[in-house]
Amino acid sequence: MAQMIIANRLHDGAVVFLTAKEDWVRSINDGLILEDEAEQERWLATAKTHEASCRVIDPILIDVVVGENGPRPTSIREQIRAFGPTV
Amino acid sequence: MALIRGNELVADEFAHVADGAEIPAHGPVLVGLEQWQAGRETLLARGAPVGIRLRSDQSPELVASDLPRLALVALEFPKFRDGRAYSYARILRERYGYKGEIRAVGDVLMEQLLFMVRTGFDAFEIESDDPLGQFRTAIGDFSVWYQPAADGRKTAVQLRHSRRPSSS
Amino acid sequence: MYRYDEFDHKLVAERVAQFRRQVSRRLLGELTEDQFRPLRLMNGLYLQLHAYMLRVNVPYGTLASKQMRKFAHVARTYDRGFGHFTTRQNIQYNWIKLEQTADILAALAEVEVTAIQSSGNCVRNITSDQYAGRARDEIADPRMYCELLRQYSFLHPEFSYLPRKFKIAVTGSPNDRAAVAVHDIGMRMHLNEAGKPGFEVLVGGGLGRTPYIAHTIRKWVAPEHILSYVEAILRVYNIHGRRDNIHKARIKIIVNQMGIDKYRTLVDEEWERIKDGPLEIPQEEIDRIHAYFAPPPYEQLEDATASLDELRSRDLSFDRWMKSNVVAHKVRGYAIVNLSLKAPGKPPGDVSADVMDAVADLADRYSFGEIRVSHRQNLVLVDVRQNDLHALWKELQALELATPNIGTITDIICCPGLDYCGLANARSIPVAQDIARHFIDIDEAADIGQFTINISGCMNACGHHHVGHIGILGVDKRGKEFFQLTLGGSSDQNASLGERLGPGLPQHEVPTAIAAIVAAYKELRADGERFLDTYRRVGIEPFKEAVYGPEAKKAVA
């Protein structure tokens, strides 16, 4: 299952995704998609150093499905985080 | 580990004796509840100040009758969020009139120091780059008190009505 | 209402400055998230799904118009143009930035509003009856005691790190509109034999994972002793409350584990030691606070019954609104007006900044500048002249605040749910909207009568689902949202916890299930029986049958 790393930015709480350049971006379409487990663990470890250096809070791996419109989280909760409230 | 007593950094004259460890022949000692209960007469016979360390699940009610003989009660904060010691400190000061040192040990952080002072702590074991600076900043955070505590500071209610000449 | 003196202003300013420093230390990494979290929660700041959420206190549900205008300003300047009123009479903003929070708190402090202890393991907002001081059935206005409790609990050095959150509610009326029986401490005003008002104190109520109705711990406490009595309860809780398991840490757990008699003994022993100390409230302070809650300068008016009857006979909409949203006032010629925040299609309890400003204006023109917030997530203007009711109604209609549904099936209590809240398992707002759409016919809703539906997106029960006539609880079943229904809950003086109806339903089946329950009720009800009464008389079986029985399956298919 493809995964991405999502977190909340510390200073403003915004939902952000980790990129290959180790930036955190608002749009899921610009985030890094991780296909294999070794990669996923390695990048999560990197994300956790960003938590320690006060850039983000609680980075986690989430499952995504990559479609023609870009990646989409599989869980409702993470969809809501990525795309906003449904109401 | 720094020790603040009153408003100053001081050296800690108490030897901290772990549970089950041997008690040094001389000098002030800080022991746990079990060690105190197992050998209070021996400890007192040494002729040096004795302090007792209480965990957060050990209320000072357990040692109420011993308090006149204890120079120090150390109350532990295993995690700063475990707030039982605030009640214990007030019980020591206000219910038992304890006049010895009440020391905060464990997860003692800057942002909780003022509440500790208010509830009756007068010594603090702090792990920090600038313990005294942090302590002095923390205790300066407030000048208004809504409720009475162990520190005897006048509350807003008391100050509001003490200004009226009619109150006796 | 209460006005800050120099002491109140100073304390709040000092707390804002302290918080500003705490934020700075957090951003610099001097505080870890673990160390910072209780500090920000004690200023009402949560980290939610999309951003930080700030919960601002509305003490005992009472607001001045200038405070409502400040809420609008905050919504516009720091958020996305709206706010959400909650089941604890507070307001929440969903799109807050940590770095701006101290500025927001400073702005709120300008109008004597705080977010102090709106969250955290401490004493939270003291809530009360939204009609306090105005209802005919009230013994006396309880809000002055709420104000005393508020000051007592703010930045209490001993009780800021309790095992868990602590919620207090106070009612001055025997008709309990403040849900005191499901609070950690509930207080009900009673007169003693000498005719003096005091409080019955209840303890250990609460909702959430393990709901409980509170027990009476003391039948009557004199008003000057309420602070010392609360201190005794809190001290016993702080020492004995469980800290091993976050789901077992509320006072309701320890009270029911120990038994109320044992808990009472411990409290009374402590109270004996402290009741005559400095927590006894001096008469001067009681008098000082009492003066702030003096009634406004009412005019001498007659009831406008004749002219209102005339208007009502000419306009069915006005008549409906009068029946459902307007409540009798203790002063002749005046009325209490509910502003429904449950317009069909809108998220329950949400208000835009523009409407907040409009409500502030209405309060100034129609109701002595005061607004109340109900735990049912509606607003109230409590001092409207009966002669003004028709004109006010027209203005409320234009603002979509006149839906004639107070206390009926579309006056739904609903938490923010998974659309906003990091704790949720399911979305609650779409369910509320679906149900409201289904029962959009006002005459039908009026015929159904008094009916409360409460929706919570998770076990934390911020929607108070346990005490809804119908409760709806969102659960996660294998990654899908399902909804469990309970029947027969009530938060008034005959409080009861709802009984589970059956297995969880998918979202699209919830409105049909509600419709089936309503149909069964209409068939079974005796003359004048509310749904709750019918349920208490006939039990759950007919409703189980209606929702899960073979007929039901056919209806859904």
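Chains: A, B and C, in written order; residue numbering restarts at 1 for each.
Just so we're on the same page, a residue touches a chain if its C-beta (ideal position, glycine included) is under 8 Å from a C-beta of that chain, and two chains touch if they have at least 3 such contacts.
Just so it is clear, the model here is predicted, and its values are computed rather than measured.
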- Item | Contact distance in steps, from subunit A to subunit B | 2
- Task: Weigh A-C against B-C on C-beta contact pairs and write down the one with more.
- Result: B-C
- subunit A and subunit B: spacing of chain centres that average the CA atoms, whole Å: 46
- Message: Centroid from C-alpha atoms only, then distance subunit A to subunit C, rounded to Å. What do you get?
- Response: 36
- Query: Could you state the distance in Å from the CA-based centre of subunit B to that of subunit C?
  - Reply: 39
- Query: So which stretches of subunit B touch two or more other chains?
  - Reply: none
- Query: Can you list the residues on subunit A that touch subunit C in the complex?
  - Reply: 8, 10-15, 51, 53-54, 57-58, 74-77, 80-81, 84-87
- Write out the stretch or stretches of subunit B touching subunit C in their complex. 56, 59, 80-84, 86-88, 90, 95, 109, 111-112, 114-116, 118-119, 141-144, 146-149, 155-161, 164, 167
- Message: Help me check something: in the complex, which residues belonging to subunit C touch subunit A?
- Response: 26-29, 33, 47-52, 96-99, 347, 418-420, 424, 427, 429-430, 433, 479, 481
- As the complex stands, subunit C meets subunit B at residues 5, 7-8, 10-11, 14-15, 17-18, 22, 31, 35, 38-39, 121, 151-162, 227, 235, 238-239, 243, 273, 277-279, 281-282, 284-285, 288
